[in-house]
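Note that chain A is present in both complexes that follow, paired respectively with chain B and with chain C.
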Partner chain A sequence: MVSSFFQENEFFLDQSRCIGCQACVQACGECDTHRGHAMIHLEYIDRPTGVQTAPVVCMHCEDPTCAKVCPADAIKQDDDGIVHSAAKPRCVSCSNCVIACPFGVPKMNQGYELMMKCDMCYDRTSVGKKPMCATVCPSDALFFGKREEIERIRQEKPVNEFQFGMQTVKTKVNMMTAPEADNVPVDISDFMAGSTFQLPQSRSGAPDAALSAVFELPEIVRLAKDQPVEELHV
Partner chain B sequence: MAKLSLPEESYADQFGPHLNYQPEDGWDTREPDKLVDTHCCFCGVQCGVTLKVKENKVIGFEPREDFPVNKGKLCPKGVKRYLQNEHPDRLKSPLVADSITGFRKASWDEAYSKTADEIKRIQEKYGKDAFAFLGGASMTNEKAYLNGKFARVALQTANIDYNGRLCMVSAGAANKIAFGIDRAANPWSDIPKAKTIILAGTNLAECFPVLTQYIWQARDNGAKIIVIDPRITPIARTADLFLPVKPGRDSALANGILHQLIKNDWIDQDYLDNHTDGWDEVAATVEKFTPEYTEKITGVPAASVVKAGELWGPVDTSMLLHARGIEHHTKGVENVLSYMNLVLATGRIGKEGCGYGSITGQGNGQGGREHGQRCNQLPGGRDINNKEHREHIAKIWGVEEQSLPYEGLTACEIIDAIEEGKIKGLLSISFNPLVSIPDSDRTRKALEKLEFFGCIDFFMNETARYADVVLAGSLQEEDEGTVTTGEGRCVKLNQSVTPPGDAKTDWQIICDLAARLGKKDYFDYTNTGQIFEELARASAGGVNDYSGMTWERIEQEQGVFWPCPSPSHPGTPRLFEDKKFYHPNGRAKMKGFDYRPPAEDVCEEYPIMYTTGRVVSQYLSGTQTRRIGSLVDQYPEPLCEMHPMLAEQLGIKDGDTVKVSSRRGSIILPAQVVQTIRPDTVFIPYHWADKKAANQLTNRKLDPISKIPEFKICACKVEKLEDAPTKFIPLAGQIAGKPPSAPVKFYPKPPERFANS
Partner chain C sequence: MRDIRKKILIFRQETWSGPFTAKTDSSAPHTSERTVTFQVTMSQNAQARALAIGATAALLTVGGIYFGSGQLEHFDPALFWYAIASVLAAFAVGYRFTLWASRPPSRMYFKRALQMLLRSGPKYAAAKAPSAEVEIAKSAAVNFGAQNFIRKRSYFRWIMHLCLSGGCTLAFAVTFPLVFGWIHFGTPLDDAETYQVIAFGITVDTFSIHSVKAFLAFNALNIAAVFVLIGLVMAGYRRLTDAGERAVQTFYEDILPLILIAAVTVTGIALTISYKFFDGLYHGSMVWIHLITVVALIFYIPFGKLFHMFQRSCALAVTAYKKKGGAEAQAKCLVTGEDYAPQRHVDDLKIVLDQLGFNYRYTTEDGQEVHYQDISPKGRRRLIALNQGKALKR
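Moving on to the complex of A and B:
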């Protein structure tokens, strides 16, 4: 039976708002049961071309793939729908879960021979506190609160259904996306060589106008390449 | 002191920076004795944070969701700030320079005697002003007040200044010129109400991360965001309009936008006629700044200048936020005033969602500049050359007006004067000029010339290595007091722990030194609260009026905005609501400036523009944040950002070791080839010391009004270092773990005297 705290509050993830500061990663390690280990990660999408970063927290799937593929039955989901790190006595550190997770969440801690992952700060959320990452996130890329509130303050729409090829994955964590979308389709072939698929350049609510293409504008290229000195004498 | 008696590595080995990764007693025993509600020690947001305290040690933090500005939000520095407490590098007793070991432990009596004797000797021999004082803007209002009083009453020197001279002074001077008051005009809560926001020269998401949420709330409400920066910073990525300005051309860009406002009649003529002076001259100045002309100077496409005018011009509400990007220039004041013209010309000020704010880099960037630790200022924002102001403060302090010094030298000028031999002695607190002042080679030479250098700090910063006496002072959490945030809100810091070992609180050290100089009666405080009461009294009747505030009230109301002239006054979150400015005639002053080039521009030999700034995981000169392991891991060492187009011209690939040189020095570091910076500019963050210091290259030319140095533009050349032995050049002393308790290690060999004995 899901506790009233989790009935009222949900996790919302909007990676387009991420500023890459890593406050979430640093704070994750400070959660009392995490003891210095950050269970989430944050990555640049492609630093050579831009500064977009993406925080990765566990999406806490309704029917978690990581648990389904675990040969040792080490990954458990509790009544609140939180999918936990592998249980130490059972985990055989085979990394099946690491490979199988559609979101790339679990990590194998080689030193501990244990899969460790985001547990939505269960020591905090189980006593009615917000998860550490969503509390500190200075840009609200990670938000924990009421659905009515986020629907009131944001233009984006929370979606918790993802389409990976034939597999539909429903998650506890919501992803903020374009208002017209009902689910987030992710097809691996879109990203393989020869694909003609292109990610949309911008969407309402979170424009991505400052693409680095601005520096390829003829005016700037001319100034940079041809006349770095002369043009100063205006 | 003369040259360092040991190699720099030896100081680093003894005093750090070492990296602290976890609480002193590990992660297992973290049940705190008490929780203390206070604020983060970094940047001018002053986020509320709760520190966990056990056995007089800070062992962790808890987000503090009741403070209305950040509501629990923090940046990575705020999360890990607690690891500076109980740090193995923490200075726990006074130190006196020693030619064999570098420093030896000393008693307070010895350290005080030596300091006071040297102050007296130097001042008797060379005059009072030959001894200077340098303070810091990370300190509380109480300490800033005390520093000013100490210099004027105990040292009686004119030469006191502070490191806000490297930070906020261009904004401060411009505010004073335009409005007669030096403060952001609006609370941050006005940001989400604005329909257009200009972020001029502010890497907001990395330097003021918590304010990002305010900007994006505005965007959710339909606002348009204009970002002006030579780099695509994380906040620029999401801008509606990005203006990639060339470093050093900011006033021209502001003029270009104003030109558009006039052309399209988006100005509020009524407001200009009734509440401002100088508009006609401003309008005449910007007449020639057509989009094409502006493009030629600024490198911003003409179409983007037009678009900026369209976004800023016709809206009902707007906010201008600016920072060091436009202020760190020899025309920093001109840049700020030029942008202020956009605010005043539209009359969008003093109303909900309308106004301006400055992103204050230092923890007490606002309060640190108000209470008299500036060379030209007395408490309450008063003028040290004004007879009436002097008499008011002399009366509060119980001294003769004639005994107060007049205006002295600014921070960089003090370092210059030391180099020229005019200043012989220096006492500094919370200031690391060797890292933070441009042209570090000259700073080092100046330090070597001092006859006496005393330093008050909690860690051995790189400058303190040159000290004759180091007095172990206090961290922010080891004392209490108030700071004034970037929005003008005075908040209360609460003491979490007492200073460890023999370390003392900063205010005690200053008062003890004053007593040694025979001025005990003027510094007879028994707690910090008395200093605040005196500060509030001294500020009464000044522009920066705190006289209606008490600590209790500040805590109860989650901060009080000055001016607050009486206990019944609610404080002033938003200035100018009555359309009255703080000049005698009540009108704002507008000034127009034609474009003039930076002090050093590119040439054949140095063809690339060099600019500096911050990264999110480090704070200022890094004295605190270079000691916190997980923050160092996030961005371990400086990188030279450059565009692939420039890299290709120079034959450089991502990760190559490059040498960047200017007329003043050079730095060797890895290249980071990214498309997020102008192709004619390179960027290096400035938090590192010694051979990794970005300020080895920067230009110490000053703004004529604010005396801020030109950190943001100088000319450089970049070369690939073909025979680099390794891509990673280790930083002196950045060794994980604790310092050795064994005897001092010598690099590369012990001094001869020591080896022979």
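Moving on to the complex of A and C:
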């Protein structure tokens, strides 16, 4: 039975709003259940060519792949739908969960022989407080609150369904996406290793850094194509 | 199962080239029919196998008691109910262990460990193959004996766990052989001051009742109880004060085992205090209370937190598997282009995912399969963000 707090409040993730300030990373380690370790990932998407960063929290799948592939039965989902860190007596640090999670969330602490992961700050959310990361995020890339509120303040639409090839994954955490979309199809072919990113020619919204002249510098273009660059003069 | 692996291996051998359009087909069936059928038959088999192995474990215990005690000649009737509880617990442990070990991921590790010992199973290009025997022995010493991984988590918990596991192991090592009639004590006819330890009908040790050895032997359970009590106090303190634990602990998994162990320890010590200092005051009824607490603890072992003492056997298989995989060919991520895990591990996980009914496969335009497992966790984190950006045209 989902508690009333989780019925009223949901997690909404909009990675495109991330400004890479690392506040979430610092706050994450403060959580009692994380014991000083930041469980959130702040991913640099393609550092040589852009400034884009993305926070990655656990999406808390309805049917968690990590828990299913655990040989030790160590990963449990509670009544609120939160998928917890591996049970300390059970985890054998095999890394099945780390490699199998479709979102790349669990972290393996090899010394502890223990998988630890984002548990939506269960020490806080179980007593009616927001998760640390959503509390400190200045751009609301990480937002925890009521659905009506996010629908009122955003153009994007929250969805909780992802399509990985033939596998549909439903999650507790919502991802903000295009208003016409019902799910997030996860495409691989556009983002293969070695291929350079093609920015769309006409982009909606205000002109931004990605379109500025710096990205047309010959050195940057060579870097983006993985070609050797002698020295950068920016 | 072999079919699936063959298919994946064939796919892996193909050198996959160039960009392609991955089709995301949500109308495709969630799992193939073959996988579903496999799951159903496996779970029925596992159930039957678990019952059979549980029954075998119980029968072995009965046989061990009957023959180990010299056809019940040295069986102590006062310990009858302990013996009955042990037989039932042996069944439950055998049953639960088999059901757990039959789950696809656990089964895979045990199978691979066995194959490593038998020098069979899938082969990968390797720099040097570490010996599975050495790895398993090393892991048993470091993880089971010294419990090094708990020390790294925290010294407090390490000492706590050593006290609890060491004390309980000592107590069980004393009581089970006594309950089963495997060990009994005697004195030579001409010398009441000398004590004999007789195991399986053979006198293995003789010592004076005034020796240090005698003191240790007579007080083994009391010594164990002191260690367990220290561990219990530490564990109780942690359960009451650690905010992280308090947020996620449950009564059945985390509090009940402490209460059960405490009940056994306290009633056990009370028996000693009763006959040593109070001329056996309430000793008769205390014996029954102690019996009830011990039986409750023995029945809890297969069904709760304490089952980890059996489950951790999987850690031995995993350590050897990781060492072997580390020396072998590594999988290269399709998105980041970096090595991220042993190829063996990635391939085995694909089999496990199939058995569990997950299908993270993509098809390329020319009908080739691409598995999402071929992308590293880091690559996946980037993919999700890039795809969100693509959907939002940002």
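Criterion: the second predicted complex is superposed on the first by the 187 of 234 C-alpha atoms of A that agree within 3 Å, B and C clash if a C-alpha of one lies under 4 Å from a C-alpha of the other, contacts with A are read in each partner's own complex, and residues count from 1 in each chain.
As a convention for this text, a contact is a pair of C-beta atoms (placed from the backbone, for glycine too) under 8 Å apart; a residue touches a chain by one contact, two chains touch by 3 or more.
Bear in mind that the values here come from a model prediction, so they are computed numbers and not experimental data.
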Which partner does A:S3 contact after superposing on A: first (chain B), second (chain C), both, neither?
neither
Classify the contacts of A:A23 with the two partner chains as first (chain B alone), second (chain C alone), both, or neither.
first
I'd like to know which partner A:Q77 touches here: chain B for first, chain C for second, both or neither.
neither
Touch test for A:K88: chain B only (first), chain C only (second), both, or neither?
second
Check the contacts made with chain A and report whether chain B or chain C touches more of its residues.
C
Partner chain(s) touched by A:V136 [first = chain B, second = chain C, both, neither]:
first
Answer with first, second, both or neither: which of chain B and chain C does A:G36 touch in the superposed model?
first
In the superposed arrangement, which partner chain does A:V56 touch: chain B (first), chain C (second), both, or neither?
second
For A:R47, using the defined touch cut-off, is the partner it touches chain B, chain C, both, or neither? Pick first, second, both or neither.
first
In the superposed view, which residues of chain A touch chain B and also chain C?
16, 32, 35, 52, 205
Which positions of chain A touch chain C when the two form their complex?
14-16, 31-35, 41, 43, 45-46, 52, 54, 56, 65, 68-73, 84, 87-90, 92-96, 98-106, 111-114, 119, 122-123, 126, 156, 162-168, 175-178, 181, 183-195, 197, 200, 203-205
Note: in the complex, chain C contacts chain A through residues 19-22, 24-26, 28-30, 100, 103, 105-106, 108-109, 143, 149, 152-153, 242-244, 246-248, 253, 305, 308, 311-312, 314-315, 318, 321-322, 333-337, 340-341, 345-346, 349, 352-353, 356, 358-363, 370, 372-373, 375-394
Complex contact set, residues of chain A against chain B:
16-17, 19-23, 25-27, 29-30, 32, 35-36, 47-53, 130, 132, 135-140, 153-155, 205-210, 212, 214-215, 217, 219-221, 223-225, 228-229, 231-232, 234
Chain A touches which residues of chain B in the complex?
21-22, 27-28, 30, 60-61, 63, 65, 70, 72-76, 78-80, 205-206, 209-213, 216-217, 219-220, 227, 232-242, 244, 246, 293, 295-297, 299, 301-302, 595, 597, 601-604, 607-608, 616-617, 630-631, 634, 643-646, 649, 654, 672-680
